[in-house]
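One chain, chain A, appears in both complexes that follow, with chain B as partner in the first and chain C in the second.
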Partner chain A sequence: MVEARIDGKPAGIDAAVKRAAEILGAARFPVIAGLGTDVAGARASIALAERLRGAYDHLGSKRIFADLDVLRQAGQFLTTPNEARLHADVLLFVGRDLTRVWPKLLERLAPAEKPELALEPTARKIIWIDAGAVPAELNGLPLVTLDAPDLRSALALVRARVAGKPVAASGEETKKFDEIAKILNEAKFGAAIWGGETIDQLAIEMLYGLLADLNKTTRFSGFPVGAGDNSAGVVLTSGWMTGFPIRTGFGRGYPEHDPWRFDAIRLIESGETDAALWVSSYSQSTPQWEKDIPLVALVAPKTKFGREPQVVIEVGCPGVDHDGAEFARDTGSIIARAASNSSGAPLASAIIARIAEQIDGAV
Partner chain B sequence: MKPFVFALKRQPDQRLDLAPLVPHLIAGKSAAEIAAIQLQTTREKLTAGDIFEIEHGDAQSIRFEGGSERFDNVGHGLKSGSIVVNGNAGKAIARFMSGGSVTVTGSVGPFAGSALSGGILEIEGDAGDFLGAPINGEMEGMSGGFIFVRGSAGERAGDRLRRGTIVIEGGAGDYPGSRMIAGTLIVLGSSGALPGYLMRRGTIVLARPPAIAPTFVDCGVHQLTFARVFARLLEPQSAGAAELLLRPLRRLAGDTAALGKGEVFFPA
Partner chain C sequence: MLILLKGGRLIDPVNQRDEIADLWIENGRIISPPPGRIPDQAHDLAGKIVMAGAIDIHSHIAGGNVNTARLLLPEMHRAMREAELPFSTAKWSTFETGNIYAQMGFTTVIEPAVAPDHALQAHLELADIPIIDKAALIVLGNDDFLLSLLRDGESRSAVADYVAATLTTANGLGVKCINAGGAAAFKYNARTFELDDVVPHYGVSSRQIVQALQQAVEDLKIPHPLCLHTNNLGIPGNVTTALATIEAARGKPLHLAHLQFYSYGDEGDHGMSSAAAALAEAVNKAPNVTVDVGQVMFKQTVTISSDVLRQFNGASSAKPRKSVIFDGDANGGGIVPYLYQENSFINAVQWACGLELFMLIEDPWRLFFTTDHPNGAPFTTYPDIFALLMSRDARAQAMSRLPEDAVAMTTLNSITREYDLNEIAIMTRAAPARLLNLKDRGHLGVGAVADVAVYSPDKDISKMFRFAHLVFKDGDLVVRDGRVTHYRFGKALTVRPGFDKAIEQRLARYFDHHFGVTDNLFAVPSHLLPHDEPFQEVACQ
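Entry: the complex of A and B
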């Protein structure tokens, strides 16, 4: 039984789709937000945004742009978790919530195993900056942790000491940073893993600079754990459809990318947007804006809203209720996932396509 | 000659792209042609004539009577002449300006003076984040000219500054002078966290510095001849900046995590 509601009252899916199309089609500048969906859902959403001449954004934008802006302004050395497991003799973790963001991180990296494809496989050395509580998997392994009061300054100190530059720190402090610098400089193939809420864009650029410095004398690469809700897959889909990542708008009839203007929350709070479509099929996430505007929500079952949207249609989870293509951290690429518990729940992509069919395509 | 005046009729209900309303693009156009210039950023068409009461005058001297925080790209690519906004402006005012002057009596949004390479931008109110900074993947920020902000600026003022001078007479948000390549940033009010983070070269002068990162090393107190010359240059535009530069200043060199050839000064 498909769950759909109009103004809080149970409704048939055809009526809900029709009402959604009316709301979005009447808007001057609608936004499609959330975008927690598979590749098909992202494709349908971006095509709908183009038809509506609206904009689109992802719920994980803040984390996405923390990495993406460094990638496109400074460059990054990137590897995959599998490459790191097979080659890395040094693992540099940065951030205290890495295993919360990606619970299978340590299982995938197998830090206790020797790097199989290293020329001379030896026990891995592990450094964790801003560790908080160290995961139990690392007990008994050669581990150096650093819990600095300010992660940004700590990364700057590590980078300065790796390059043998002077710093204004006490002898005791400098000794600790020198110990870390020595391990990094002696790595044959190191891998840095970063992410979570405690590392911001400039700190990531500092970390990238550290990797660039290390690559003058050895090999060092890394990967971000990134954001959830298929954020990387949606960014890639947006890239091949429009040439731009998320936060792109079609207001003038062609895609324009502007991370400031097309921030969904800013668009809505400023009154520039007058209706929104929220898509969240992986999690029961709800919109983060305060302003009350007409809202159509395609969401996971049992999602709780502070304010009932005009239209709610419950959709299935890709890879669980239905087959789906999405970005997989394990391989660093888009993969096809078969449904693990196939159900009749509708696909977000199918609902969005049906909404689009009912909107006049003439622009 | 009297200035060319765009008087705001009503606040726009969408963001507008005012990049076409600069001297070199309106010079030689009739009143009707200018009134027909499209400024909309959504599917609802809005022309200059819909938004403004237009008073024909000298295209080298443009005045906006009444502003809006939805006015984006005011003075985009200005080469010469002057633009005055009597009110607020939105994103990226004076972006890619290479000469002339832009003056705003109110406050402006983010990316003011982005990639500015010449001329003078003066903001009498506050500026948003990323003053003078590059946009979306560009490699360099401001590369010449002057920006004066009489109020405060947001985060990352002078990000990737390449050349030129920014004076903020109020306070600055976090990371002032982040990733600076060269040029000068002066802040007369209080500054947010970690000035000069990732700076390679360039000069930051802070009247009221926060704690400085440990990758900046002390070089002692100086009264540099160049600071006196520079103070004389800035005196007509900012007496406060001139006064700060004439004081004995402590010099810290950094960011030693990056190239380390930059400097942060503050009163000794």
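Entry: the complex of A and C
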């Protein structure tokens, strides 16, 4: 039985789709937000945004743009968890909540195992900058940690010592930076893993500079743990459909990308947007804006709203209720995730397509 | 629907036709003139030129590295014009790609570098390219599994089984090899990699990898010969590598991709000269070798290559100054934006090298028209290149804008050849269809797929090829007066070579042990692609 509500009252799915189409079709400049959905859901959402001449954004935008802005302003060295696992003799972790963002990170990298494809496989050296509580998996391994209340300057200081430049720090601090710099410089193929709430754009750019410097003499690459809710998969889908990532709008009939202008929360709070479609099929996330605007929500079951949306339709979770294509951190690529517990819960992509059909019919 | 194309000049080298005649289409195929029947749709093509739809064998239109390039360079592709069809003006989108190819009369395009672990993304992207049919070549030759097979001296059939299983999972049409072993060696900090250099850890040379893959493709009877991107791409003096690679082919079928990028000598004050004439001569003498050109044009572009070693070395020339260097599971790749400039000595030599190859390689059946989009130039420059091929004056005019010392390092000034429309039709229609064993494409004979391009002859050759008068895809009129009228979605062409399924268990164990993941992750299930029946099989020979 599909759960749907109109104005808080149980409704049939046909009626809910019809009402959703009325709300979105009547909007002057609607926004599609959340976008916690698989590739098919993202594809349907972006197509609907174009159809409606609206805009779209993802709930993980802040983390997405921390990485993406560095990539497109400076560049990046990237590798995959597989390569880190098989090749890396040095692992450089940056950020205290990496394993909270990606609980399987250490299982995936198997830091206690020697890198199988290294020329001379030896125990990996591990550096963790801003470690917080060190995960138990690393107990007993060669680990150097560095507390870093300010990640930007910590990375800048490490980078300076890697390049043999003087730093303004105490003798003891310098000794620590030198210890880390020596490990990094002696790496044969190192992998940096970064992400979480404590690393911002400037720190990531500094890390990129460090990687660029290291690659002058040795090999070092890395990857971000990124954001959840298939954010990377949605960005990639948006990339091939429009040329641009999320925070793109179609007000002029062609895609324009502007991370400030098409920030969903800003659009709504400023009154530029007059209706929203919220999609969250992976988690029970809800919109983070305050303003009361007409809202259609396609969400995971039992999602609790502070303010009841005009229309709620519960949708299945990709990879659980139905098969889906999504970005997998495990491989660093879009993969086919088979349903683990196939159910009849509707696909977000199918509901969005039905809404689009209703709107087309009305025109 | 019965369609009559009346009285156009049919240029159809496969059927040795160049004559004014009628062409009939029904149910997506070209048919014999049906006596006594009235067409449902008739087009008067007096004065027009009718060819089969063009086939591009080498254009980077989809996949992980292409999409990273889109995200790296938002400033390079701002849209400006309202869309008539969904996303049709979204620059560099999959949708715009299909629109522009169709407008030029291209109906089949091959994406030549899909990593097996990115096959699903590549096929999702290909599925969103409207109108044209497409296909993927799957990149092998830097993958641990293959290198380990070779290191351990495993049998020819084990290599063939692995290649076939990977192609089948990834839904590829053929095999691409990019700087064989070079990307793997780069992980061990190699900064150059030659044909006889050995990949550390494996003890296998680039030559051995190329020959093993060439053998596997032959054993599997895959129509497209191994598509090879050689070592030392883009480096002055690299013609010796290209010549040695042609030798290394030992008379077996080999396709050399974007030959222009390996046609450099190291003579002169700048240590860079054209060696295209010598290379063209070697190609002329090697009937087992096919090549595409990878013509350079003077434009802002972005180089997208799975030759991560080359891209890393080239990153210092990035313009704008940013790049992504990706150490992937096998090849990975590098995205380096680049500006080809008329006043650059090196770029001028590169431009001339490509044209020399076009002019000096004699057999249009073994020479394919490419820019290695977008590496030499975006595919949108094709019409301008047709003009250069067909007009000596156009070349002279273009040369007059280049540094004289650069032109002097080439033979282009002395070349008088001008392509005719038959040669263009061979190079862009008939020959690619033969290379790929697409028996019902690339020609206008009865039974052929009704992929047809109609052009209006014009003194401005580039205008003629930029905006086709009419284009039919599978008998459906999709372009009128250079504009796409509606979308339809084509197929991805694949091969399904037979192989011993025992390799599948072995691969499953390998993925489980090495990567801790199941190899099913890399499958490309049809039902996750947006259109029904997304694949069409091409027979192995």
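As a working rule, the second predicted complex is superposed on the first by the 359 of 363 C-alpha atoms of A that agree within 3 Å, B and C clash if a C-alpha of one lies under 4 Å from a C-alpha of the other, contacts with A are read in each partner's own complex, and residues count from 1 in each chain.
As a working rule, contacts are C-beta pairs under 8 Å (C-beta built on N, C-alpha and C of every residue); 3 or more make two chains touch, one makes a residue touch a chain.
This structure is a prediction, so every number in the text was calculated from the model and none was measured.
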Chain B versus chain C as contact partner of A:R252, first or second or both or neither: both
Given the touch rule stated above, what does A:V235 touch, chain B (first), chain C (second), both, or neither? second
Is A:K165 touching anything from chain B or chain C once the two structures are fitted on A? First, second, both or neither. first
Would you check which partner chain A:R28 touches, where first means chain B only, second means chain C only, and both and neither mean what they say? first
Which chain makes contact with more of the residues of chain A, chain B or else chain C? C
State whether A:R72 touches chain B only (first), chain C only (second), both chains, or neither. both
Thinking of the overlay built on chain A, is A:R85 touched by chain B (first), by chain C (second), by both, or by neither? second
I'd like to know which partner A:R261 touches here: chain B for first, chain C for second, both or neither. first
Touching chain B in one complex and chain C in the other: list those residues of chain A. 72-73, 252-253, 257
What residues on chain A touch chain B, complex-wise? 28-29, 53, 69, 72-73, 152-153, 155-157, 159-160, 163, 165-169, 173, 202, 205-206, 209, 249, 251-253, 257-261, 271-272, 363
Chain A-facing residues of chain B, complex: 13-15, 40-44, 70, 72, 91, 109-111, 134, 136-139, 160, 175, 178-179, 194, 197-198, 213-218, 252, 255-258, 260
Which positions of chain A touch chain C when the two form their complex? 39-40, 43, 47, 50-51, 68, 71-80, 82-83, 85-87, 107-108, 110, 116-117, 119, 188-189, 215, 218-219, 221, 235-237, 239-245, 252-257, 323-325, 328, 330-331, 333-336, 338
Touching chain A in the complex: which residues of chain C? 62, 64, 66-67, 70-74, 77-83, 86-87, 89-96, 117-118, 120-121, 124-125, 128, 144, 186-189, 200-201, 312, 315, 318, 322-329, 332, 514-517, 520-525, 527-528, 530
